[in-house]
Amino acid sequence: MNAVVLAVALPLLGAFLTPSLARLSLPLGRLFGPGLLAFCLWLLWGIARALGDATAGVALGGFAPPLGIAFHLDRLALLFALAVPAMVLALWPWGGRPREWSLTLVLAAAATGLALSGDLFNLYVFYELLAVASYGLIAANQRPAAQAAALRYLLLSAAGSALALLGIALVYTQTGTLNLAQLALLAPVSLDGPLGLAAFALLLLGIGVKAEAFPVNTWVPEVYATAPSRLAGLLAGLVSKLAVLVIVRLLLVVFQRPEATQLMLVLGVLGIAWGELAAWRARDLSRQLAWSSVGQLGIVFVAFSLPGETGVLAGLAVALHHLLVKPALFLLARHWNGALEGLRGAARRAPLAGALFALFALSLVGVPPLPGFWAKFVTLSGLFAQPGPLCSLAAVVILTATLVEAAYLFRTLTLLFGPGGEEPRMAPHGALDLGTATAFAGLLLAGVIWLQPLTGDLHGIARQAVDMDTYVDTDLPTPRP
Amino acid sequence: MNLTNLAALAAELLLMPLLAFSIGLFLVLLMRRIGARLQRRVGPPFFQPLADIVKFYAKETQISHGLIHDIGIVMAVGGYVAAEALLPMPGMNGLADKGDVLTLIYFLMIPSLGLALGVGQCANPNGSIGISRALTAMVAYDIPFVIVIFGVAWHYGTTNLVDMIAMQQAAGWGLWDMPLLAVAGLLSLQGMLGKQPFEIYVAPAEIATGPMVEMGGKYMGGLFVMQAFQLYTAGALYATLFLGGGDGHWPTFLLQVFVVMAIPMSIAFQFPRYRTEQMISWFWRWPVALGLAGIALVMHF
Amino acid sequence: MTPLDTLFILSACTLAVAWAFGRRPAAGGLIAVLYGGQILALAKMSGLASGALTMIAASPSFEVLGQALSWRFDGPAWFFALITLGAAFASAWFMAGEWGEGYRRKGGRLGLLQVALALNVSSMLLLLASGDLLSLFIGWELMSWASFLLMLSAGGVAVRWAFKYLIYALGGAMALLGALAWIHAQAGSLQYAAVAGLFATLSPGQAWTLVLAFAAGFGIKMALLPFHLWQGPAYAETPGPGSAFLGAISSRMGLFGILVVLVHLAGLDLLDRLLIPFTHLDARDLLGWVGAFTLIVPTFIAVRQHDARHLLAWHGIGQGGYMLIGVMQGDALGSAGGLLHVFNYATYQAALFLVVTAVVHRTGTADLNKLGGLVTRMPLSFLVMLVGIIGLAGLPPMNGFVSKWLIYRDLISSGRPLMFVATVIGTLGTIISVYKLIHNTFLGQLRMEHEDIREAPWSMLAPMLGLIVIVFLTGLMPGLVLDWIAPVQAALGLPVLDHSLGGVDLPNGGLDMLWVVGLLFAGFGVGALLFLAGNRHRYVHPLDNYAGGHFLTTEVRYHYSDDFYPGLMHLIGGWYRGSIQWLERALVSALDFLAQWSQAWFRSAQPALWLLGVTVFALWWVV
């Protein structure tokens, strides 16, 4: 079980070794990172199989919490920890330079650590590491627009990190510990008042920068539009979900209060509205997908704000669906850059890409029997089951936003499939891009076929995630008085 | 249905159109005599309408513009012949219990359709203009007309014409119970018969008699037959709805039909012609208002 | 393996064949045969139509998210499926042969058309067979997208209208999804029994929201007012046989949805109890009046059209209003009339769309101002159109008369004068409009450029003639179709109509079409005898026409076609204000404005300052 640390340590080590290896032999350097990630994937898969339905706590270095840092392994954490190397492998920047490979490995390490961490300090460290890696990756592109976008992202992210640190400090002063399991025990008493809520708000805004939360998501369109598509896919698909995962953990374990969920709901609704509306007037595909991502993450926020098992299930469904769809869309958008008007007829010359785009668009909009529909349905049903007008309002906003999303996505599609005028001025899709996107589509369709077992698994994960007794017992095995 | 009933029915089905036609001929004569008197003339002799029809059928030149032209005239005459079997006469019910007043009204639209098809095939724009105006006029007068039908059907609780007559024989004429509806019915009758001021669809000098421009010989004869039937049917229907259908006596029935028909004819010869939109506008206001008021009275008292 | 499974498998086979071979015109015959096979499979389930069986289930069933999905056919499903498959069969037969070849030659995508048609049929069968609300929604979505594909297939102008349809359809789907999610949240289950039980326990506010959501969701597909703007042009621009199929049955799926949810699950009694404050109307009256206005407004929009396909498409919307009025009346006569109208309308509308397509195929245009006099060149097509318009206008002896008679009779019996007048206004508008259609196309002067055109080929004539035979026979013996409607009424909880082969036998005014049609033809016979008793007639050249002293030549165009009803338009022309079009544009502008606003926010220049402000606000909110 301790071997799970390798999943974090190895990519970090690999990141340091890669430049030297690459100087020695470029092909070796190119294959080193993916090889490491494949190994991590195999390792995590083995751990997950061995663990089964149980949870496990790993105290690093043998130091027990609250002094030592701990990893908490439950099905939710392992799900995302598995997703990290898988996604990074799928979206690996094969054509980049060695420094990009290093930074990507750092990103992978930090993301895995973020998924598995069991205390706030650890979470903060890995979050910062993730941020630094992403700054580097975004800024690797030398174009002025990219640099400006990276600067804005840096400013917001740094400010967000400061806020998060402030929030953590507040928590520490109130409770005296940073371990999540201990906080679970102490929080109902110590973090009950406005200070506790302030801490949550600060943490939410701070970590929310990565999670594209309203109002700290102004960096999203520029960064996704100017960064390389694979990176954009990674950020939009994977990194944002991990940030949401962190917030959800905090919500479930530490801040189980109605005001907290309400704040998340409100921010989610605003995110949906703003994102989908802005996407309506987008003039190029990457920005359109970026704004759409903001909207979808708003839905994720709203879904996770539902109390109890339903919330986690709904949020997981939407998040996982977006995890599959968005990176694939960004891959397709890589060769469809430039103004939307210039894409007229592009899908006729690349029918597979067009068909894939249509499939993903249908799933995003929520057409049964694709997985996107089931995710939306669970969310909406959960929202309507809550008393009070706010949740019903959120449901109506989601429905309206879906309509707007369908409008602009299919406007783009009719443009893509429309009568093309001029000669093809853009290169055809790269085989790797197309292949990866097809693989994602295959996974999506597999989700349709194996829908029943999949929902059963998700139910299990959700049930385990909300079970606080198990959580505490895992990390603090010493008997409580 | 046994053989005697069948024979009686067959006899009625033959007799009713024949009688209707004969009475219609005299109604045409009535119309021409009234017109003459109002214009200080003598008017035609007794059998003139019949003579006119025989003349038309016997003409040597009979021009047809195509098969649909022929079929149109057949439909125009045939539709009315069939409709007569649905309109009870004193002592003869025909098929009035197999099809009610709604069916009768639709049957009355078939001759117009046939005429429209025939005129269309003639390919004369004057004719087509005339049909266009005729159909527009139908939109005008049909609305108060169906309001009246609704009110009458509601009042009697039935759409069966035989039952309506029976109820009036028991309880008195519909005219006294539904005066507003009766007036509205009379006004829409003026439009239905295409009498001044609502004969825009004919407009002799403007569009060369409209639908009749290419009709000659037996085609014109067919239209004359149709006119005879139309006058009878309108009068008989009105008498059935409001005047008890003559209470089952032929003299009363004939008197009612002639009096009812005399009214629009007298009014007609004193008026010039309304334009199409004036006609629609007028019909959609006054007869409709009267009819709706009549229905309100009928339904709430 | 139940008969329903066989039907589904056949349907999937048809889709596969259309996908693989659809682009070859020669495969059209095979596809038409497959549709015929599906009709035979449906006929095997005719126990549902005679009332012997109430339900035939399909074998597959799933459970997702705790909801059981199942599919089965009952009386209503069988009835609507018959119409669907009949329309598809006629369209496919029409497409096979010369029309398909011509379409392909002109650059049309025949394969896409065949696939879209097959997909539509399969998804409609799936929709009709749904056994619970969730499978109903799934079928509904699939059918909506399939219709989108069919409307797209022509390309060009059609894409714009198909996109407009998509927005409307998705708006409706979102309303349905919201209602579905709400029901799931309240009742925990989407099985029909649970939903019906939930409806019984709702407060008026909740019931109103649900009723309006379902009515809007299904009504958009039927193009009920105010959602009627998309259907006319969208159906008109679909390629010929596709438009015949869509016009015949696609919008009626909305009526099916309303029947299942509002009439059966919610119940007309519930609708009666939902009162609109300050009026004496309830939800049922509201829906009835929506139907009435849907009848009048689109019919009079149709009067103004000068493209034959647009004219027919707008009439399609109007006739849907009839069906809703009939169904909302809720008693035996009215609901039978509404349901019968679904069948009747499908038969003559398909025939009319097909004949217009045949005219387009031969002459190249559907513009009513550019046609005329075709009766001499295409007599059988004229016959089809004549029967079609007599049916559409609702005159005896065709079947349209029977369903309209039933609705009128019911409105009189239940004492609804204003509704009665509204339906009559609709009928009158239809009559004047269809006469213009047949006059401008087939009657009048033959144009020079059309001197040499020939009659439509047999591959096109055969399905059209078959359809008009059905129109006439079901007009003569409406009892045949009323037999199929009785189980539908029973399954939906409506009172069943007592009928005979020829019609209905009511004590206070009934209808027996056998006698009526016999009488009519006897009258025609007498008329013919009188006609033939006159002197012999001879046929003259069309130019031998009264022209006030002028000579007519072929170059002189004297066909009265444009602005056919100037008098009427003088009066009502100003009433066409286009308010709903304005509303549509206003909504899009509002969306654009909001979108601009949100984009501006994303582009704000001082993110850090903004973040500070937000933090301060958040802290204030917290404390």
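As written, the chains take the letters A, B and C, and residue 1 is the first residue of each chain.
One rule holds for everything that comes next: a residue touches a chain if its C-beta (ideal position, glycine included) is under 8 Å from a C-beta of that chain, and two chains touch if they have at least 3 such contacts.
Since we're looking at a predicted model, the values are computed, not measured.
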{"item": "Chain whose Cα mean lies nearest the overall Cα mean", "value": "C"}
{"item": "Busiest interface, counted in C-beta pairs", "value": "B-C"}
{"item": "Chain A-chain C separation of Cα centroids, rounded to whole Å", "value": "46"}
{"item": "Centroid distance [mean C-alpha coordinates] between chain B and chain A, Å", "value": "80"}
{"item": "Rounded Å distance between chain B and chain C, as computed from the means of their C-alpha atoms", "value": "36"}
{"item": "Residue list for chain B, restricted to those that touch at least two other chains", "value": "none"}
{"item": "List of chain B residues in touch with chain C within their complex", "value": "13, 17, 56-60, 62-66, 68, 70, 73-83, 85-86, 95, 97-103, 106-107, 109-110, 113, 116-117, 120-126, 128-129, 131-133, 135-136, 138-139, 142-143, 146-147, 150-151, 153-154, 157-160, 163, 200, 208, 213-214, 217-218, 221-222, 225, 275-277, 279-281, 292, 295, 299"}
{"item": "In the complex with chain A, residue positions of chain C that touch it", "value": "62-65, 137-138, 141-142, 145, 152, 155-156, 159, 163, 166-167, 170-171, 174-175, 177-178, 180-182, 184-186, 591-592, 594-599, 601-604, 607-608, 610-612, 614-615, 618-619, 621-623"}
{"item": "Interfacial residue positions of chain C with respect to chain B in the complex", "value": "373, 375-376, 382, 386, 390, 393-396, 401, 405, 408-409, 412, 415, 417, 420-421, 424-425, 428-429, 431-432, 435, 438-439, 442-445, 507-512, 515-516, 519-520, 522-528, 530-531, 533-540, 542, 544-548, 558-560, 564-568, 570-571"}
{"item": "Complex contacts: residues of chain A adjacent to chain C", "value": "152, 155-156, 159-160, 163, 194, 197-198, 201-202, 205, 215-216, 218-221, 273-275, 277-281, 291, 362, 365-369, 373-374, 376-378, 380-385, 395-396, 399-400, 402-404, 406-407, 410-411, 414, 418-419, 451-452, 455"}
